[in-house]
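Each of the next two complexes has chain A plus one more chain, namely chain B in the first and chain C in the second.
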Partner chain A sequence: MERAHQYALSGYLIALADDELILGHRDSEWTGHAPILEEDIAFANLALDEIGHAKLWYELAADLLGEDKVTYPDKLVYFREPAQFRNMQLVELPKGDWAFSTLRQYLFDAFEALRLEALSQSSYTPLAEIAARIRTEELYHLRHSQAWVPRLGLGTEESHARMQAALDALWPYAQGLAASLPGEQDLHAAGIVPSSAGLFERWSGEVSQFLVEAGLQVELRSPLADIDRNSHSEHLPALIHDLQSVARLDPEATW
Partner chain B sequence: MYGADVEQIAIQLNEDPQKLADFEARIARGEKIEPGDWMPAEYRRQLIRMISQHAHSEVVGMLPEGAWITKAPSLRRKLILLAKVQDEAGHGQYLYHAAETLGATREEMLDALLDGKAKYSSIFNYHTTTWADNGAIGWLVDGAAILNQTMLARCSYGPYSRAMVRICMEENFHRKQGQEMIILYSQGTPTQRAMVQDAITRWWWPTLMMFGPHDADSPNSGVLIRWGIKTRTNDELRQDFINQLVPDLQACGIVLPDPDLHYDEATGNWRTGAIDWDEFWAVLKGNGPANAERMAARRQAHADGHWVREAAAAYAVKNQNQ
Partner chain C sequence: MVFQQEGPDQPVVHNGTVHAPDAELAMLNARDVFVRRPEAVALWVVPADAIFTQTQEELAKAEPASQAASGLSDYYVFAKFSQQAQCRQVGQVQAGSPQAAVQAAIVTFADKQPLWWWVFPASAVLKNESSEAEPMFSAARYKTYKDQAEYPVVTMMRALRDKGRLD
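And now, the complex of A and B:
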């Protein structure tokens, strides 16, 4: 791979990894507090997988940059400033109620299924291999989060109202899925990664139909201009502060 | 045929002496008692009490460590801790199912917990105040639990015994990760060494209390041992734990918070000073440092989840009718 592509791809992967890390962080906040014990298990498992996937992407980024695969991921997670994270705002929003968390998970999983399908066809083999591996786990996530959408959308009046409120809150942020990742244009031209805008179109059609079938109203807004990965809500600094609090007590220590 | 003591117990418990004698003979032969089999009502009652208490301990036990998942200081530690707390939820689930085989429902058991009628392990009513507490919980608390659970894996009730076999395998990983953390930090930076010393100082005595009161003050032990639910006493298990842990912790340079701790040449046992049973009973009765907080967290999760459970049930009914 060309040097310029190597560098671009590392930035792209770190952004993907940041999405997984931050979503996994939010999912993990349910551990011990879910509505039923089976969902404590399921959400802890989602968190485990998401954070595990983040680790895989950070390691591949380390490889591309010639950094140490063992120490570099932790350096990225624990010693970057909040403004240096490249996750989308959708994943950093507080976990909210069960409707909010499960619906966010569904919206994200449905997009990820498409992205991973495309990445597993990448012309860069190490990327294609990891994407194929992650995809098998992500299909379980999608199955799980997808099952909750009609259950809550059509369950009771209260669950319907909560789902609609969650959708209204999440939908503008979900438009951020259409935004390009760092380095995407060049990498897409080289057949290494898919176009986010292209995936978004498919996602939007599939997801809208599914939500409508679950009794929810989808407002078709155009993508919001300021939802790119360089801007964050006030929730991210608080999250990062919590995430890094122990590691930064003693930066020299091996934890 | 049955002995006079069987007859006496049968009268006390209002059970058929022949059935009771046959039941005890099965246990004596090392057979497992299975859900549909005849059993004395007291055996069923004691098992439901123990198994549900054990399940509640797993579920409440998610809270003290769960609070540190978001703060774990490396990706590796984070993945380990998440997997561990997830295992605890899974153990709670197996155990509720094991109790269900005796006729208890999960709803009843949860209500008993939330109403404050059912107990759970006193150890989870202590706060986790630093990251190193997760290491102390793994090595000490899970280590103590394994001793008790290894015994219960041989218990006479089949479903409980099988659940324990599986749980013990996972608990061994939990103990190992805690041990690895404590050993590493005890050789680490001054911050880490201080953190580890502080964690062990706080968790040592509460862990010794986990084994329960001294045998003389343990009201349920007699019948539990007679029917093969427990095969060893609280004091025997506690002594095994002390003998295992003291040399290992001392080898890490950790000072145990007990000026009377000494090695007894004659018996080959480590002897500790007196356990503060007032503290134990206070924590058990709800007055430990974190009782109120733990129960508030469980009640909150249960209340917040009410509309979700209601919706899932309503949706299931609608789907059935279609």
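And now, the complex of A and C:
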């Protein structure tokens, strides 16, 4: 792979990994708080899986940059400032109620399933192999979040109202899925990664239909002005502070 | 009720219970609660009220069940052989009622002397589809994890506290 592509791909992968890490952290906030024990365990599992996926992408980015696969991911996670994270705003929003977290997970999982399918066809073999491995787990995530959406959307008056409120709040942020990731144009032209806008079109059609069938109203709002990954909501710094506080107490510690 | 098969040559065994409003969510809950780490090749969920159980003591007092040949259906037969052992699958019989299924099991599996028989209609079982096996069970196989005891967290936190950096 050309050097310019190596560098571009490392930036692309760090953005993908940041999405997984931050969503995983939000999922982990349900530990001990989910409405039933089984879902408590399910969300803890989701959190571990997402953070595990982040680790795989950070490690591949480290490889591409000639950095150490063990220490570099920790450096990125624990010692960057909030403004240096490249996750999309959708994943950093506070966990909200359980309808909000479940619906966010669905919207994100449905997009991931498409992106990973495309990435598993990448011309860059190490990327394709990891994408195929992650995809297997993501299909299970999607099955889980997909099972809940219609049950809540068509459930009781309260569950429906909470799902509709969650959708109204999340939908503008979900439009951020259409935005290109760092380095995407060049990498897409080289057959290494898919076009986010292309995936978004498929996602939008499939997801809108599924949500309508789940009794929810999808508003066709215009995208947020601020959907690029360089800007964050006020919620990210607090999350990063929580995430990094122990590691920063003793940066030299061996865990 | 959740049943799990750990390998292709292993019996299906009863593993525990999950709460769920329907079979699909029971299946998902069963996966999350029971098979994230341990090995599995198959997972079954059965509504608790579809399972008919009889102990040896109950059998001794029971009236003989009618073995009318009309309306036979398939029943899975499970048995528990000791208080510690998991209830495991011994086979399948055809019968017209759960009581008749236990009677048929006693005849069919005459060499077995379990403490309890469990029978349930095959139609009450939701099994994972084989196409779902990979997403449901692969995580347990590929993931490495560190046992809690291997983390020196307690020692480290104590050392930090001694240094006065944690209160």
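Please note the rule applied: the second predicted complex is superposed on the first by the 255 of 255 C-alpha atoms of A that agree within 3 Å, B and C clash if a C-alpha of one lies under 4 Å from a C-alpha of the other, contacts with A are read in each partner's own complex, and residues count from 1 in each chain.
Here is the rule we go by: a residue touches a chain if its C-beta (ideal position, glycine included) is under 8 Å from a C-beta of that chain, and two chains touch if they have at least 3 such contacts.
Quantities reported herein were computed from a predicted structural model and do not represent experimental measurements.
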Inset, instruction - Kindly say whether there is room for both chain B and chain C on chain A in the superposition, answering fit or clash. - result: clash
Legend entry - First (chain B), second (chain C), both or neither touched by A:Glu252: first
Legend entry - Partner chain(s) touched by A:Gly52 [first = chain B, second = chain C, both, neither]: both
Inset, instruction - Once the structures are superposed on A, label A:Lys69 by its partner contacts, choosing first (chain B), second (chain C), both or neither. - result: neither
Inset, instruction - Name the contact category of A:Trp98: first (chain B only), second (chain C only), both, or neither. - result: first
Inset, instruction - Look at A:Arg151 in the shared chain and tell me whether it touches chain B only, chain C only, both, or neither; answer first, second, both or neither. - result: both
Inset, instruction - For A:Ile41, decide between first (touching chain B), second (touching chain C), both and neither. - result: both
Legend entry - Partner contacting more residues of chain A (chain B vs chain C): B
Legend entry - Overlap of chain C and chain B interfaces on chain A (superposed complexes): 36-38, 41, 45, 52, 151, 249-250, 253-255
Inset, instruction - Show which residues of chain A lie in contact with chain B when the two form their complex. - result: 25, 28-29, 31-38, 40-41, 44-45, 47-48, 51-52, 54-55, 73-74, 77-78, 97-98, 150-152, 154-156, 158-159, 162, 239, 242-243, 245-247, 249-250, 252-255
Inset, instruction - Please give the residue numbers of chain A that touch chain C in the complex, ascending. - result: 36-39, 41-42, 45, 49, 52, 133, 136-137, 139-140, 143-144, 147, 151, 249-250, 253-255
Legend entry - Partner chain A, residues of chain B touching it in the complex: 59, 62-63, 66, 68-75, 77-79, 82-83, 85-86, 89-90, 92-93, 96, 131, 184, 188-189, 191-192, 297, 300-301, 304-312, 314-315, 318
Inset, instruction - Spell out the residues on chain C that touch chain A in their complex, using ranges where they run on. - result: 18-21, 24-25, 28-29, 31-33, 36, 132, 134-136, 138-139, 142-143, 151-153, 156, 160, 165-166
